[in-house]
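Next come two complexes built around chain A: one with chain B, the other with chain C.
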Partner chain A sequence: MPREAEPSLNEKQFVAQALQENLRLDGREFDQYRPLELSFGDQYGVADVTLGRTRVLAKATAEVTVPYADRPLDGVFTIATELSPMASPSFEVNRPTETEVLLSRLLEKTVRRSGALDTESLCLVAGQKCWSVRVDVHVLAHDGNLIDASCAAVVAALRHFRKPDTSMDAGVLTVYTPAEREPVPLSWLHSPFCVTWSFFGEEGDIAVLDATWLEEQVRVGSCTVSLNKHGEICQIAKLGGTPVDAVALLQCTNVALARVKEFSDMLDAKLAEDAKRRDKGGFMAELRAENDR
Partner chain B sequence: MTATAAPEAALGVLPRADGSAKYSHAGYTVTASVNGPIEAQRRDELASEAHVDVIVRPAAGVGGTRERHLEVILQSSLSQIILVKNFPRSLIQIVLQVEDSPENDYVNTKIVQASLNFAVMPALMQTAVLALLSAGVPMKATATATAVAIARVDGAKKITVDPSPRDIETAQSVHVLAFTSHDELLLAESEGDFTIGEWDEVYETAKGICCRPAAAAKEGMAMVLDDDDAGGTDMRQFLRSTMESKVAADLHWK
Partner chain C sequence: MTTSTGPLVLPGEALDPSLIPSHPKHPLRLGPGLRHIPPSDIVPTVAGQLTTNSHKNSLWVEANSNRYIPQQNDPILATLLRTAPDSYLLTLSPHTAPASLPHLAFEGATKKTRPILSPGQLVYARVALANKHMDPELECVNPATGKADGLGPITGPGCAFDISLGFARRLLMARSREEGGVGVLEMLAGEEPGITGGGLSFETAVGRNGRVWVGSESAATVIVVGRALQETDRNGLGMEGQRRFVKKLLREMK
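This part shows the complex of A and B:
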C-alpha cells in the first residue's frame, strides 16, 4: 500500500509558527474542540460520531457464549478496532499499524479496564453461559483525534445498546427474541471519555486540544486523559519523547474535566432524545422488561 | 425499516477518499470508498491491467468465508465494467462497509462470526458503482443490481423483489442479478432449488427493475406510478437522478 504522504517542511513550519503566534489553521482556540456530532442508528447500539472531518461508527452486539475458564463469573467484553483502507489507503487489512494498536490499547484501558461495563452482570449460568458483548469500531474518515472520537462512539454505542432479555426457569435458560420481549439495556456504571492534548514547540510548551491530522503529524508529543464527569481519572497516557512540565499537565487535566462534563451532558441529552423518538405512543414504559435497580 | 423503502444515496460522503458513496435500500445501508488508481503492492500488480481490490467489511464481527466469497464475486463483476486496461500495474481499491442490515426479530443472531446475507449483494454492488462514479474511475458502463426471492405459499409461486430476512428464510431460492447500462447481464448468482423456467421469470423481473427504458419513465406521472406498483423501483433512473443531482450541486457556481 502507498505510504501516507508526510507534510512538507514548509507545511510543518507554517503550522508550528502559526501555533507560536497563538493561531490554528482552522481558526479555533487552543482548547476548543471541533463540532462533535452524535447520531444513533435505527437499530440499538449503533452510534455515529463526527468530529470535524473525522467520522467513527461504533456498533455494539451481544451473543451468548461460554465464559473464560479462569473467570467463570464474568461475561466477555471486547472492543474491536480495525482500521480499514477506507480511513486511509495506507492502512492494510489484517496488518495492524501503530495507530491501530495505540487506539485499541487506549480504548481497552479507558472503557474496559475502568469497569464502565459491569461484566459480572453479563453472567447467565456461572461457568457455563454468559453474554459476550462486542463493540466494533469502524473508522470511516480519519482527520485527526481518532482516540477521542472513537471513545465517544464506543461509550455512546454501549449506552444505547439493548441486549435480548433472558430468564432462568428450573435450570433452563431462555433467551427471548426482540419479537417476544423488549430488549434490556446493559448494566452501565460510568461513562469515561478521552481528551487528547497535543504538544508543540521544542519544549512541548504549547498544548492544543483536538488536533487535526496535519497537526498530529507535526506535534512533538501527546497526552490522553480518560476520565468521567465526576473527575475520576481512568488512565493517563503521555506519548512522544518530549517531556512536558508537570504543572502544565495539571492544567490540562482541569480543562479535560470541563470538556468531559460537556460530552456527558450532550450524550445524556442525545440518549433522552432518541428514547423519546422510539417511544411512539408512550408504551415503552409498559413494554420494558427490566427491573429498576 | 420497511423493505419497500425507496433507495437513497449520497455521493462524496468521506472527505479523504478519492470517491465515496452511501447507499441505503431495503434495510441495508452500505458506505463505500474508492481509492484509485494507486500504487499496487508487488503481489497484486498485474502487468497489463489494474487490479481491482474489493474489501467487504461487516457491521459487526470479523469477516469470514462468506465475505471473501462476496468479494470475489464483486471483484470479477466490477473488473468487467471498469476500464482496467487503462491503468496497468496499478490498484483500484474499493472498501465496502456494511453499516446496517435488516434484522429478523424472530431469531437471535450469532455475531462474532459475521455471516453476511446473500441479499446484501445488490446493495454492495450499487454502492460500489456509485463510489466508482464519484471517484471518476473510467468505466465501460454503469451497473444496476437487484435481489429476487421465490417462495412457495400454499402451492402457489410468489416472487418477492428485495426480500427481507424473513422472506429469505422461507424462500425456496434467492437470486441476485446485475445488468450493465447496455442491458447486458453482468452477474447472476442463485441459491436454493429452482427450475430453468423459474430462473427465466426471475430474469425478466430483475430486468424490468434494472433496465427499464428511460422513455417509459417519462410518460406521464400516472404511468410511472403504475410501473412502481408493478415492478418495484426503477434502479437505472435512480442511478441517473443521483448522479444528476450530485453534478448539479457540484456545478452550481457555473
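This part shows the complex of A and C:
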C-alpha cells in the first residue's frame, strides 16, 4: 500500500514554530475557516462543497426496497464514503484506510444516529416496502479537514434532495414520475454540522479550526464536535492524541456553535436561492409553448 | 528580445514551417515538448505555447504540468527518505521512485567529513544524471570546481511551499521579472518603487520539482513571501495583480 508522503522536517518544525507565534501558513486566524463554497447540481440531491482546496461531492438517491425484518416500520438510510486515489495516491479502492473508516463512522454518528432524517417517514407499506435513501460521498480533492466538508456536503445534499411522490390506493402502491407529480422533500428534523479542532504544541494548548493537510500531518491531536444551530451536541470524538484540558474543550464547543450557526444560515440561503432558480412560475408557466426571445 | 512566443500547439499538431527558426551556424535544437520524427517532422507532444529563440536556434513548448520528470542540471528541492550504505535516498515528488545522492557528492566531503543528514531533511541539489529507465542521481557540488555553489542541506528557519512546475521555471529564469512575469520577490524585498513597507529580508531556493524554500529569521516574513508566491501561481496574477496583492499582504503584516 503506498504510504502518504510525509512533510519534510523543515516544514514540520516551521508549522509548529509559527503556530507558537500565533501565525498560520495561509495567514488565517486560529478560529477562521477557509472560504466554504456550496453549489447544487441540476439534479435534486447533488451538493458540491469546496473548502479552500478540499472539494467534496455528495449525491443522494432513493429507491424502493424491503425494510429490515427487525425494523418493519423504518426506512433504510445509508451513507457511503469511499476515498478514491483521485483524492490522494495513498488511498486505494476497496482497501479502506484509517481516515476513511473514521470519516464514515463520524458521518454515521453525526447524521444518522442523531436522527436528522426521520426514517419512519420513509416507510411505505409496513414490513413490505420502504424507501432506501443512500448518500454517496466522493472526495474530489483532499487538502485537509475532510470531515467538516463531507458532513456539510451530506447535509446539503439531503436537504436539497426530493424523492418521488407516492400514493397508496386499495393496496396498490404508485410511484409517480417528476412529470406526473412534483417530487417531495425528505422529512428533515435538524441539520447537524461537524467542526474539527486540531491541537498543537507540547501540551496541546494551541487549538486551530479547519486545519489544512500539512497542519493535519503535524498536529498532536484533534477533536470533532457535531452540533446543530440550537446548540444540541450530537457527538464529540476525541480519538487519541495528546490529552486536552476540559475547560479548553468547553471553549471550543462555544466557538463551534458560532460556526455552525453561520453554516446553517448559509445553507438555508443557498437552498432558497436554488429553489428560486428552479421555480419557473408554476405549472402554467412550464406548460407555456411560447419561447424566450 | 531574442525569445519569441508562437501560437498554442496541441500534441500531434503539424507545425507551420515558418515558425521554425533557421540559423546559418547553429544546428536546430529541440527543447521539452517537441519530438523529431525522422526524416523531417517536428511534432509537439504536449499542449502549450510554442516558443523560439532565434539566437540559439532553438524551439520548445512552454507548458505547465503537475508531474515532475527529472532533467539533467535541474536544481531541485528534495526530501531525505533514508540512508543507504554509500548514498542518501531522496524523494523529488511524492509517490515516485527515490533519487540517490552519493555521500561524497558534497563540497569537501570525504568518508570522514561527509555531512550527516537525518530523514525528513530538505536538500537543495542538482540532478546529475537523469535517464529514462533509471532512478535519477543528484549532487550537491559542482564537479568541475569542487564548490557547492549554494547547493547542500537546507538548515535554518524557513519553510517549503508547493508551486506549479511552470511557475518554478519562471522563477528560475535569469530575468524572471521581464521574461517570466514574476515580480513578487522584488516587491517584497522593497526593490520596487511605490510599494511601502517592503524591505523584508529573506532568501529563497527554487526547485524545478515544484517546491520553493523561503528562509528568514522572522516567521511572519516567511509566511508572507510563501503566500505571495502561491497566490501568484494559483491565480495566475499579472504584474498589476501581484503589486496589489503584495500591498495587501504588507498592510496586513503591520
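Here is the rule we use: the second predicted complex is superposed on the first by the 279 of 293 C-alpha atoms of A that agree within 3 Å, B and C clash if a C-alpha of one lies under 4 Å from a C-alpha of the other, contacts with A are read in each partner's own complex, and residues count from 1 in each chain.
As a convention for this text, a contact is a pair of C-beta atoms (placed from the backbone, for glycine too) under 8 Å apart; a residue touches a chain by one contact, two chains touch by 3 or more.
In this text, all values refer to a predicted model and were calculated from it rather than measured experimentally.
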First (chain B), second (chain C), both or neither touched by A:Q17: second
Most chain A residues touched (candidates chain B, chain C): B
Partner chain(s) touched by A:I206 [first = chain B, second = chain C, both, neither]: neither
Touching partner for A:S8 - first (chain B), second (chain C), both, neither: second
Touched partner set for A:P89, first chain B, second chain C, both or neither: both
First (chain B), second (chain C), both or neither touched by A:L25: second
Intersection of chain A interface sets (partners chain B, chain C): 2, 89
Contact set on chain B toward chain A in their complex: 1, 14-17, 31, 33, 35, 38-39, 41, 55, 57, 59-62, 93, 95, 97, 99-100, 103, 105-112
For the chain C and chain A complex, residues of the former touching the latter: 79-80, 91, 94-95, 118-122, 154, 157-160, 213, 219-220, 222-224, 226-227, 249, 252
Chain C partner contacts - residues on chain A that touch it in the complex: 2, 5-12, 14-15, 17-18, 21, 23-27, 89-90
Residues on chain A engaged by chain B in the complex (per definition of touch): 1-2, 41-43, 46, 53, 55, 57, 59, 61-65, 80, 82, 84-89, 93, 132, 134, 136, 138, 140-143, 164, 175, 177-179
